[in-house]
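All remarks here apply to the structure that follows.
Chain lettering (A, B, C and D) follows the sequence in which the chains are written, and residue indices restart at 1 in each chain.
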Amino acid sequence: MAMITMREALNQAMREEMKRDPKVFLIGEEVAHYQGAYKITAGLVQEFGDWRVRDTPISEEVIAGVAVGAAWVGMRPIAEMMTFNFSMLALDIMVNHAAKYRYMSGGQIRCPMVLRGPSGAAAQVAAQHSQSLESYFAHVPGLVVIMPSTPKDAKGLLKAAIRDDNPVVFMENEVLYNLKGEVPDEDFIIPIGLSEVKRTGQHVTIVAWSRMCYQSLLAADILAREGIECEVVDPRTIRPLDEAPIFESVRKTNHCVIVEEAWPQASVGAYISDRVQRECFDYLDAPVLRVNAPDVPMPYSKVLEKLYVPQPEKIALTVKQVLA
Amino acid sequence: MAMITMREALNQAMREEMKRDPKVFLIGEEVAHYQGAYKITAGLVQEFGDWRVRDTPISEEVIAGVAVGAAWVGMRPIAEMMTFNFSMLALDIMVNHAAKYRYMSGGQIRCPMVLRGPSGAAAQVAAQHSQSLESYFAHVPGLVVIMPSTPKDAKGLLKAAIRDDNPVVFMENEVLYNLKGEVPDEDFIIPIGLSEVKRTGQHVTIVAWSRMCYQSLLAADILAREGIECEVVDPRTIRPLDEAPIFESVRKTNHCVIVEEAWPQASVGAYISDRVQRECFDYLDAPVLRVNAPDVPMPYSKVLEKLYVPQPEKIALTVKQVLA
Amino acid sequence: MSKKPAPTKTRGRSVPAKPAPAKASSATKTQAAAPAAAGKPSKGAPPLERTEALRVYRQMLLIRRFEERAQQVYVEGKIGGFLHLYIGQEAIACGIMSLLRKDDYFLGAYRDHGYTLARGADPKPLMAELMGRSTGISRGKGGSMHFYDIPNGNFGGDGIVGGHIPIAAGIGYAIRMRGSDQCVVCFFGDGAINEGAFHEAMNVASLWDLPVVFVVENNMYGMGTSVERASAVTALHERGAAYGMIHLPCDGMDVFQVRDTFADAFARARKDKKPTFVEVITYRYRGHSMSDPGKYRSKEEVEKWHEKDPIARVGLFLLEQKVATTATLEAIDKDVMLEVDECIKFAEESPWPPAEYMYEDIYVKTPTLNWRAVEKDPAWERSLPDDRVPVVYPPHVSTVKG
Amino acid sequence: MSKKPAPTKTRGRSVPAKPAPAKASSATKTQAAAPAAAGKPSKGAPPLERTEALRVYRQMLLIRRFEERAQQVYVEGKIGGFLHLYIGQEAIACGIMSLLRKDDYFLGAYRDHGYTLARGADPKPLMAELMGRSTGISRGKGGSMHFYDIPNGNFGGDGIVGGHIPIAAGIGYAIRMRGSDQCVVCFFGDGAINEGAFHEAMNVASLWDLPVVFVVENNMYGMGTSVERASAVTALHERGAAYGMIHLPCDGMDVFQVRDTFADAFARARKDKKPTFVEVITYRYRGHSMSDPGKYRSKEEVEKWHEKDPIARVGLFLLEQKVATTATLEAIDKDVMLEVDECIKFAEESPWPPAEYMYEDIYVKTPTLNWRAVEKDPAWERSLPDDRVPVVYPPHVSTVKG
């Protein structure tokens, strides 16, 4: 076990899979000679050359489109969105093509690709650059959506995503890139669609993923000092959703809080809430509560941004509210 | 009161508003000389000329972009998506521009535009042409989303949308275009954000909009014969959501079924379910149940399509299940 | 065999050309420049063998009769949704496919019957697909707009105008990684070139030297909108100059010229790995789809194009060359009609897809998945570990260093 | 005053040009064609009045000093997020704004400090915006990438590369509807022209004759990617030919040439309603943003460009023309420094935005809304019935029949 950052974990995952399989290649803006806008792909072009680590023009529809076409004929592309804020320009490719051609062809086509990059708020990059758009991908049958919260999960799940034969949307979080954690030294993968209980507790179940899982664990520490034991479940994969462990936990704690960095309406968190009230109806002592970004665009000023992003204190407050 | 189709109602709304205000204009693919792919804009170019009824190249990003730019400098554009299946190509313009510039400029900019067109399944147009993507727009603060279910609502709400000073996404349903209904003869609007109880009943609350409201009313007829009285609430506006009447109804019936044509995950219906379990927790005798399209792409064959689209029988079955 | 006419002549003949002088002038300039830019004289295609010529004739006729019958059956309500007919454009698909190698790829838009038939697919599963039967080439789940035949490199029909163009660049990219001399043909319409997707894909295909042959089938209209009302420059192939890509026009009503033009383009793709942008000038005889009466076109205009009928043209050639007699041609037509009748029979006798089909072919069953999570999800539960038909990849994928 | 140099010379000087012969040849051709296409001899701009020349000099200097200080303050942690500096490109914004009419519009990308200052905005609220204060021009909610000054027709900064280009076409469309002789300037970078949005917008601007002046500021790089590695044709203005649009290059380090070039473009937009595509060749002295050390550029290359410094060039001109003495210029610089100091002071003394600001400026409070539905929603509850600053529309909107 080595202590490495999520940045290193992601970089290792890609390097190892590219070594393992010549069909794996990387394509995106500044991924090669600039070493990645966030340095996630550092060193790869030196090792694998321009055809397997490809800098592109600023053309998101082509970045995703090239990945889809190459995947259809047997390659295993990893397409990087410099940030997922720009992925709306590639959404048609993912939703109408990557997710549907297998179906429309009666099972003749497969699309083993990964669309990856940072998602969510960074630091003061304002409204257009601070969005959590996982709901756009989670809404769509035919796609797989993964959002890791630790270096280990990031490496194991990215390796699984690259080996997976379905189109996978792999959403990272810029703020977590420098987060350190233990990662096994040997070759390993974490199965897609496997949630993990990141902390056990008997009073309340917190469902949270990516950066919000991290924030929730901090909230759990605060609450523990007050004798409130939170069970924090990290789905890790958003689609398909590993529901059973969530339901199991709620049936034990009888209380549920869902923490999400995205806006509240028509979101992943709303769906999990719907599933919990449906499957744990007789076990809930209180309605499922949710913590989200306010239902407004992200402001630039740091004093406002701090109020915007769900903080441990706010999560703790909501937990007390659900237990009240 | 005249009996007219939803097609005529939409056409009248645009004609009347274009007469009323020279700043209103229409832009989209085939909206002018072809009279509209679905003939919604028939006769308008003859009356208002090419500058106010503009045929465009097949360039969705420009259709929405031209509308946004014109709106910023004081026009009131109506941009047509031939169908909302193509709106992903215009999504960045709507989400990162139409919805955000007012905020990012500290209130200097307004974007009084309407993005409209048919949404949802038609008849055997298969996976890429049968999508209900309202969740993509409902997710986003800064946008208004409207989905009418009757000719009267269509006319009154489209007129309101055109007069409204915010960017409005107005999603119609192709299958309802020929639906007839009574529409007032005098000039009228229906306020945005006003839901309507389309049928009163005491046993169960059905929340449904657009075509699904129509299907739910058919289901209510079937159930009435068996003595089950459904209250059908049509939000009509998806964002902002007029919640109070929904909660009021559920507190009366103690049962809730949400019917949605879209896929179930990260959707508008999931959010309404979350809101109901939250606000009506102590009133619910059973979990909120949902009827959706199956979580798969739309198949072409008519025998499969019939199984795919939520039918009155399926809705009725779910109502019985929630009451069981 | 007809040689390429001077581009300007082609334009004059085919397009009611009224572009602004600036545009026109720059137009001819670039056109003239194009072949030169190829850097070598046009070789053209080898003359058609007598038998091969007959085969192409029969194939063009099969597309036409197949679609004429489909149109009838549609009116009878046995086909639903959109039905876009290729009638009038047969020479393009047949000319190109007559040169395409077994291991090459192609993809196009929703007007896709012609490509699939020209590639030699059995027409029975195609008619069955139109009728939504389980024996359809896409198991009844795609319909008219979504014909795919992957074992033959057919990535078929896209319902999103322009959406498949970046994907074609991706197939070209994979070919370069492999280092093989395959190529990919990307068909799209005159309306599609105004989508951003076209622009982004053309730039990278030229920038990275991808073996993609871009074919804009300029049939003069995108639905009801003429090229003049949609594109600022009406000589569409000139858009290629913006990407430093070799670009030229071609008479799409003449299968021989199509073969000459594309033989060069394929050679360029295989040897030099360079893309080509060809504007094939043609016409769709029918409305955009079954719901379109085509009021925006004059009777005279339509008739003018029927005089250039691509099938009649080949028929005439066969007679002139004494390859066939009127009797032979009639016999071929009869034979084709019979084949289409059998397609209808096959389709109507085929079973409807069972309900389970709805949940199949969404995901690939993969070992990287936590099975327990999805055991109740039919979309996963009914997924297969492999594709329904084996996709042809080259045995070994070699990657080239850039 | 310098006249336009032969395009090829400009290219040679500014771009390490190694395009393939095919591209190069077609390049020069189109370039030559362009001015001709204008159909009338270039008139150029009126010579700068002595006072006006001094004003432009001071303005360019203000942009540079303002950004140099912003850079310092950023390092001190008083500015957050992205900070993209315009330093090196000042002649473009200042040359263009010196010709723009009060009722004209413009918009650009995130590298937007220069445009806003050149348009004559008070720099204090701009520095306050960078520091996220409530007195900022966007109330502290936009930051460096989002300067807007609507009363002065400034639709400012877009963080989505290419996203604002279709919007510029929409402003041009509104101008045509009005029948006024306004025009709109759309600034974007060399990296933006490979976005589909550029393609779609250029086509309609030319097709519909929209009074839009498209300005690609070719500073040789999009982040770390050089034009050669991003665009198949490196003479970027040639992309204009694909849309039949008049297109030409311009030396962006020379404010006088900028004025000459754009005076013609504006005249064309106002009189003929025709768009123009100008490639302004320039260089960004700093990294792409504060996080970019700019390793991808050689010291020599950067120095070569500093020799062409646009501000020094104007200073020299002022001295040669005896408009100013070295003393005057130094006095101006001192004065500018003082003004920037005051900006910092103003910003640092300004209050932080209160929490309520987060919920303001999202929706317009409109009579068409059912108020009861949103009374608990702060985003609606705090919305205003009007804009925070009155937007200048022409008093009466007349619509023209096409």
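Here is the rule we go by: a contact is a pair of C-beta atoms (placed from the backbone, for glycine too) under 8 Å apart; a residue touches a chain by one contact, two chains touch by 3 or more.
Owing to the predicted nature of the structure, the values given are computational and were not obtained by experimental measurement.
Colleague: Name whichever of A-D and A-C has more C-beta pairs touching across its two chains.
Modeller: Result: the pair with more contacts is A-C.
Colleague: Average the CA atoms of each chain to get its centre, and name the chain whose centre is farthest from that of subunit C.
Modeller: Chain centre farthest from subunit C's centre: D.
Colleague: Go ahead and note the Å separation of the Cα centroids belonging to subunit A and subunit C.
Modeller: 39
Colleague: Using mean CA coordinates as chain centres, what's the gap between subunit B and subunit C in Å?
Modeller: For subunit B versus subunit C, the centre distance works out to 36 Å.
Colleague: Which integer distance in Å separates the CA centroid of subunit C from that of subunit D?
Modeller: Roughly 43 Å separates the two chain centres.
Colleague: When you check subunit D against every other chain, which residues touch at least two of them?
Modeller: 136, 138, 140-142, 146, 158-160, 194-197, 200, 203-204, 207, 229-231, 362, 377, 379
Colleague: If a residue has to touch 2 or more other chains to count, which residues of subunit B qualify?
Modeller: 57, 59, 61, 85-86, 89, 92, 96, 103-104, 126-128, 141-142, 241, 295-297, 299-300
Colleague: Spell out the residues on subunit D that touch subunit B in their complex, using ranges where they run on.
Modeller: Going through subunit D, the ones touching subunit B are 105, 136-142, 146, 148-150, 155-156, 158-160, 163-177, 196-197, 200-201, 203-204, 207-208, 360-364, 366, 368-370, 372-374, 377, 379-380, 384, 387-389, 391, 393, 397-402.
Colleague: Going by the contact rule at the top, pick out the subunit C residues touching subunit D in the complex.
Modeller: 19-20, 22-23, 25-26, 29-30, 33, 37, 39, 194-200, 202-204, 206-207, 229-233, 238-239, 241-246
Colleague: Give every residue of subunit B touching subunit D within the complex, in rising order.
Modeller: Per the touch definition, subunit B meets subunit D at residues 22-23, 25, 27, 49-52, 54, 56-57, 59, 61-62, 64-75, 77, 92-93, 96-97, 101-110, 112, 141-142, 144, 160-161, 163-166, 189, 191-195, 237, 240-244.
Colleague: For subunit A, which residues count as touching subunit B in their complex?
Modeller: 85-86, 88-89, 91-92, 95-96, 99-100, 103-104, 126-128, 131, 134-136, 138-142, 239, 241, 262-271, 273-274, 277-279, 281, 284, 286-290, 295-297, 299-300
Colleague: Can you name the residues of subunit D that touch subunit A in the complex?
Modeller: Touching subunit A: residues 80-82, 129, 132-133, 136, 138, 140-143, 145-146, 158-162, 191-192, 194-196, 222-225, 229-231, 296, 352-353, 355, 357-359, 362, 377-379 of subunit D.
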